[in-house]
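To start, I am sharing the structure in question, which I have written as structure tokens.
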Amino acid sequence: MSRIGVFVCHCGENIGRTVDCAAVAQACGELPGVVHSIDYKYMCSDPGQALVKQAVAEHKLDGVVVAACSPHMHEKTFRKTVANAGINRFLCEMANVREHCSWIHEDREEATQKAIDLTRFIVEKIKHNVPLEPIKIPVTRRALVIGGGIAGIQAALDIADGGCEVVLVEKEPSIGGHMSQLSETFPTLDCSQCILTPRMVEVYQHPRIKLMAYAEVDKVEGYIGNFTVTVRQKARGVNASLCNGCGECQKVCPNKKIASEFDAGLGKRPAIYVPFPQAVPNIPVIDRANCALYKGRARNAKKDACKKCEEVCGRKAIDFDQQDTFLTEKVGAIVVATGYQLYNIKKEQDKEAISGYGEYGYGTIPDVIDGLQFERLASASGPTGGKILRPSDGKEPKTVVFLQCIGSRDPAKGIDYCSKICCMYIAKHTMLYHHKVHGGQAIVFFMDIRAGGKGYDEFTRRAIEENDALYVRGRVSKMYRDGDVIKVLGFDTLSGEPMHIDADMVVLATAMRPQPGIESLAQKLSVSYDRFGFINEAHPKLRPVETNTAGVYVAGACQAPRDIPDAVAMASATASKILGLFSASELEREPLVAQVDQGTCAGCFHCVRVCPYGAVEHFEVKDRKGNLIKTVAQVNKGVCQGCGTCQANCPSKSVELQGFTDQQIFAAINAF
Amino acid sequence: MQALQELARKLLTDKTANVVIGWGQGPRGPRPIFVTQPEHADRLIFDTRCVHNLATYLNPRRAHLVPFVKKAVVVKPCDARAVAGLIRETQVKREDVVLIGMRCGGVVRDSDMDGKLTEATVSPRCMDCPDREPKLADHLMGEEASAPPKGKGPDMIAKLDAMSPAERWEFWQKELERCVRCHACREVCPMCFCDRCIADKSMPQWIESSPHPRGNLSWQMTRVMHMAGRCVGCGECTRACPVDIPLGLILRKMTQTVEERFGYRVSDDPTVPAPMGAYRLDDKQEFIL
Amino acid sequence: MKIGYFPGCSLDFSAKEFDTSLQAVATSAGMELEEIKDWACCGATSGHATNHLLSIALPARTLALAEEQELERVVAPCAACYSRLATARHEMAEDKKLFSKVTGILKRDFTNSVQVMNIAELLRDNLPAIKEKVTHPLKDLKVACYYGCLLVRPPKVTGFDDTEDPSSMEEVCRAAGATPVKWNKRLDCCGGGFSLSRTGSVIRLGKEILEDAQAAGAQAVVVACPMCHSNLDLRQKAIAEQTAKPLEMPILFITQLVGLAMGISEQILGLNRHFVSAQPIIAKATVKALPAAREEA
Amino acid sequence: MSAKTLTQADLASLVGDLVAAGTRVVAPSRTGVGPLQHLDYREIKKADEMTLDAGLPKRSIKELFFPPTEVLFRWKQKKNDFELQEVETKFQKTVVIGARPCDAAAPEIVDRLMNWDYKDELWNGRREATTIVALACDGQDKSCFCTAVGLGPDSTKGADVLLVPVKGGYHAEILTAKGEALVKDFGKRFGEAKSADEAGKFRETARAKVEGNLKVDPKPIRTWLDGHFEDKYWGEIALRCHGCGACASVCPTCHCFDIVDEPEGIYEGARRRNWDTCQTGKFTLHGSGHNPRGTQNMRFRQRVTHKFAIYPRKFEEILCTGCGRCARACPGGMDLLEILSDIGQMAGGAA
Amino acid sequence: MAAKTSTDKASFKPRIAAFVCNWCTYTGADLAGTSRLQMAPNVRIIRLPCTGRIDPLFIIKAFERGADGVIVSGCHPADCHYTSGNYHARRRFAVARDVFGFMGIDPKRITFSWVSASEGGKWAEVVNDTTARVQELGPFSAYREMEARV
Amino acid sequence: MEKETASGESENTSASAHHGHAEESFRSEVRQAIGLNPAKCYQCGKCSAGCPMASEMTLMPHEMIRLVQLDRRDRLMQDESMWLCLTCETCTARCPNGFDPARMLDGLREMSLRAHGENAPRRIQAFHSSFLDQIRSHGRVFEFGLVFAYKMRSGALFDDVLNAPGMYFRGKLKLTPHTIDGVDDVRRIFDACMAEEER
């Protein structure tokens, strides 16, 4: 027979006002198995907890039910209390008679009856609770960072500086990400490359960072503390261990007319290239889609068309036959920092809901560019050497129109959210433009100026007050090319005046979107993502850099639109979380995981199909001689997160989720 | 028929199979027989009275048949769907069975009837069966079959759907009142293969074992839920029910729901994943607030 | 397959040439048009500008009649009629309450199952048949395809072509051998229903449109709506009073253009009914029957 | 004993009289419509609910005395105290009309068991309250074998009154005191017996028809069963058996039961007696996990052996009335006639 | 008779069992509490980790135990704490709802809803609407009377 | 805190009777009547930027929506701008937030007419009523009759006189009306719709 204690809390007046706590204690005292039932003003106070402890000892309780607030509030508190009193903490449960009862009802009789019911459910449930011990898992003190932008760089450096090894995987040939493309950064107008390049070099030289550029995560298995990650090292066509980055190959490459990704399509690069001079690692890759040799091979040409790079390479580093290789890395934690891409106003979009902008010509007007392209125009290392010249004819634009919220805050085009950084960088653009083009007029169409950051609002004000940017509040309805100019049909909602502008160039502050392919990466990692593809954090306020999968963290613009300071702060936060995780050689997990009764399991493996975490495995039951009796399911306790979907789907009910076993729930329903 | 017998003889002679499970003549029409000797292969028959789903005998719970290991089974399309289900759910290894597929244009309601297939005699389960030949089979026999006759009489599902919930309740109470909980429906079902059925679980006992309407309702609703997306529509449960409860109605209703909502129809392709235990992000959810 | 035909009030008379040219083209290309018996006016702007329910119920009656004639699709050549029919269909499909209200008023068995098409959609969907019948391709004729508002807007109602960058009319003109020009005002409004009540606005808008078409090098403007036609053709004289030199821009219904390319007589196409004569450009565009050899190929 | 005549009209009136007198009347009756029609023994309120000419009902009359589930007692818990509530063992007076002889005989056979070491109050209570008016049978179909177990389509065993169809009504043989009482209480419905010959002819015809189905002698069968517990015959014959227990559900003499405590919620509940069958694997499963009847062969052997050897050894009665329901109900095509015939042949060969 | 029914209905207090997930609906109900949103007192919450854990048997058992209505509620699609438990639940209950309905259980007695942790107001609405709906349907005595017939 | 809420609520119920609170506001009336939520408009002005009639309006489309949001019924209903809408749907097609300004103006005009429509320019109103009268009496629009009736109502007797003969000679004006068979059907629809809208 059980020996259960019931403790009913008044929570001052919070519960006591509408619930007759004494009556609840009395009614529960009548239940079979309950040996002690009292009410008290503040159960969570020190004297309240002392009452619980004392009762456990005095009445030899083997179950404690606290009828008080939400378990989300104080379950930990009371479980600690009973543990201190010497019984297993999972023999303590809470009945929620505050949030779910006293606070939402006025009728005292009804509320009291409901409180009795709720407490009775828990009393019956706890009769089937069993002591549980935390699960201990060994930890591999090594982290994987996916993405080598500023967030990934920061996370890698912080973890490595903290003494743990890091594998940094970047899919482009060089780390640096979008930040390396920027001209200056708001609100200080530092040169982006000047502050970023040293950090990139630091990564390259760090003894505890293994940098894998031009590589992608192929497969992720395992669980917190024990991930096994397969990385695909894409074939560069260049032997990285031989190359010394002299750059001769790039000079001799005959095809130099390829639109440069780094210059956002405004500059050109050869078929064998490093994305930009400061690239890390400074090892070129061969762009096989554009290299004459590979194109020839694809056509089954008898002879290789061109081997100029191979001929000129003194170190014999060119390896045309190089293949993709797969490497396996063991890590204990993973940071996702894959960053963003910009909304493309073209009609062909990657998601059904996203439609492009027909009224702006679907990207057919050459002098309509996006923010990153403007960065390249403004950058001293850019295709124009830092001069603002329009792409179509190289003329200096005298009137530049900047449009904010392109894609952003535009549900009709498929994106509802605010991209957060555009207000700031457009203000920066107008300043850069003002400095570089004398007599030029910048006109900004905006909806709201969102400049909530240290020094941010001052920055936008400076753009308006001192740099002559004309801010027009309203959206543009249509743009079209008319001779030499772009007709921009807008409206100033502040004056009620139409604004029909003949612009020389238009810059679109297009929305930030997660990188393409993020969904498949998220699926590999079992982390959830929103309908735009941004990775979901575990809690928007209190667990902003964790994900729903233990051991996987998120930093930067792959979680939501982020500016540099945000991305860096998140990256450092993930590092601190991971270093915390790595501070012990074993980690403890709540034992609320599923368990299979291998005696009754029929081996249909419905559980394997539904498990979101791949935590259920096949297990062969053998007799003493080693003959296979049957194959059944087995739960990997390290991986299981305790959702219980397997149990609901198990036809013979051969799997039980600890803490929510069928016995426990059945008892609670039966007490209804 | 001769081809079937010859094949069975060959399979037994060259030890491809240790037993051929098929139909033979019994006192009340054709019934399952287990041929282990090549010389007995001529006992095998096949006609429209071969109603039994022989896939049931592959179910690993039939302990007395396990020792045969390699079994050859004569299957109609619905039986083949059951074999596929057993393979899909890892109860049977494909390489352990030889499937002798029979083209089928429907069977009569009971093996005891004369074999003439008419609107009045066709088994209800055949009426919406789309398969004329078992694609999973290793050997395909029999003549090209045409679609079975459409059954006569009112469509009971439509009739029940048109009723009010209270009327439906009344209907099923009358039927379930008769249930004696022998669980014959479960025992003959090829897809019921749990070592320990949930209905026999006692800690906790979700489903009351007593044959009162409450326990009976729980049992049937639970059974149908467990068959969701798995029921092959062979109708064995209905045929086995000693008190003639129209269990097939509930299963057919469930099958319709699964098809409407998830576009899934149970097939004899074991590689097609079942609809339950899977999901689509855009599954209809008009019933959820 | 039979296609229901809803001519609408304008085609019934003032834009009779749109009707005759459409009938001629349809017959030639093997499209079977069946007029909806006893159709009534769609209510046009006046309907939906003043009584929403009426603006749904009037087209709903027509759609119900089409259902009674067992037609699955209805073509409404007038863009305004098309818009009203398509909007009514869309709104009733989206709003079950509205649908039941309307069926209550109609007192007819009505399931709202008829599809509504416009002329550009109809011709585009029948391009192979049309191409086959083109005997007199309009080589060297530069045309400006004018969509106006209601053919492609709003997208949730129309949906047969891109709202901001449509191409169906251009495809049809190309099939007729003409060369569509790129221009900017092809989606702008001509002033539509204000032709009588606010002529000044119509003239202002028409001027902008025609000037843009002319600047783009168009020799004619091709329309798919009787209202656009009358606003650009009938009002061109008044527009010209405000321009430096006369515009002399012929306005052709798209069916007339296709009809010309098919070698259908100008009489049947009703080209003589226009205020701005199309004769000069027709003469210029080398209209010649194709050699028989092509048909074999 | 005595004989009477009961016309169709009088039988109908008798039903009315009985109902009016507060007696529960049970008779074969159809429920449901269309394809879902069932013929069962069930309580009727009016004579036209009765269907006497549609053959053997799907289920036997066993459940009138031994329902599929019955409450033995109820309990309530308060704190650590339990309060028990007994069930009623007196039952409403009942007359079964139209029981087939193979059904009527069954309770009398099972009476032996129910009054052997423990006198079952619930069974006996229902037996005492019930008068069985049997109806002679003209033979259902080829699965009937009542004559092979010492009964017949006109057997009077277990019946209080036997009705034999004659023109316009029935020839009624009054067999027991209960039968006499019925005639006495409703004398105006019974006329003078006048069709004994016609009834005799009916009985002869029926008997001849059934006898052709199976001719065996139960005695050598019993001997063979006693000596062939491990015979390979069981392994062959039971291959097709699903172990579903449909046979036991419809059997008039199968009487195994399971006792379960069924809580209603947590603080109260009932102890119940439910039908069980030796055909399922769970029946003999030990708590240890061991099962002495591990395979279907053993379970099926149990069924035959119990009916034709064990029960006769103990009570000198064959636990079978030859109704043939098991053969009709079996989804796997098991057939008791065939098995008895096989054994009969093997027994003959052995002897 | 009619009068009796109406008074019955008026005095009838529905008993409703709610099976909710810990992360969204339970927390949403907590929020309703902290926001002091008054609601009908008829609903008794039973907390589960995820809608994926909710078995249709829970609903059956609740009716057996005298519930007049049942609420099943969890995270909106894409919000599941365990990424996909709610999608599995959605399929499961889509079928269960039809099967239960076919057996005569009025679907109006069962409410399925997505209530996020921030939708305290929606939770109150679900509770009130369900209570009102079940109030209108009257007690589910049919379920309770089943056993009495044995 | 709780006390405030409790007392505030009870006051609210009585207050609403006096001031016509949220329940009866113009914006909720619009929402009710037209089925669009005016709060959806976030005043970006894209509608006004693309409106072909904006240059002739005193209130821009987005301003009209703003006045609804502000419950400024009178200011809106006294202005003729809503009548200048050509219903070309440009605003609706381009609205970034999925609002439907064109439909809203349709609805506002309808509301205005029900309140006697003083803001409707005489010519436009005259055109619409002449047009609908035509449908009502013949089932279709009889263009010559339309022009004639419109000119009588609007007083614009001599505008366009120049074009009439031209139209006639090009066969563009028919002088006799055609009345459809189902004209009674159409009239019934008119009556039902008018009655329904009155409610």
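By written order: A, B, C, D, E and F. Residues from 1 in each chain.
The rule is simple: a contact is a pair of C-beta atoms (placed from the backbone, for glycine too) under 8 Å apart; a residue touches a chain by one contact, two chains touch by 3 or more.
This is a predicted model, so every value here is computed, not measured.
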Which contact partners do chain A and chain F have in common? C
I need the common contact partners of chain D and chain F, sorted by label. A
Find out how few touching-chain steps suffice to connect chain E with chain F. 2
Just by CA atoms, which chain is the most central one? E
If you take the mean of the Cα atoms for each chain, which one ends up farthest from chain E? C
Could you grab the centroid distance between chain B and chain E? Build each centroid from C-alpha atoms only and quote it in angstrom. 34
Averaged-CA centre spacing for the pair chain D and chain A, given as whole angstrom: 71
On a C-alpha centroid basis, what's the spacing between chain D and chain E, in Å? 46
Between chain A and chain C, what is the gap in Å from one C-alpha centre to the other? 51
Where chain C touches two or more other chains simultaneously, the residues are 163-164
The positions of chain B in contact with two or more other chains are 206, 210, 212, 276-278
For chain E, residue numbers touching 2 or more other chains are 36, 61, 65, 78, 84, 88, 92, 147, 150
For chain B, which residues count as touching chain D in their complex? 26-34, 52, 56-57, 62-65, 111, 124, 153-154, 156, 174-175, 178, 180-184, 186-188, 200, 208-212, 236, 239-244, 246
Touching chain A in the complex, chain D uses residues 77-80, 263, 265-267, 289
For chain A, which residues count as touching chain D in their complex? 1, 30-32, 124, 599, 667, 670-672
Where on chain A is chain B touching in the complex? 599-606, 609-610, 631, 649, 651-654, 662-663, 666-667
In their shared complex, chain C is touched by residues of chain A numbered 347, 357-359, 361-362, 480, 482, 487
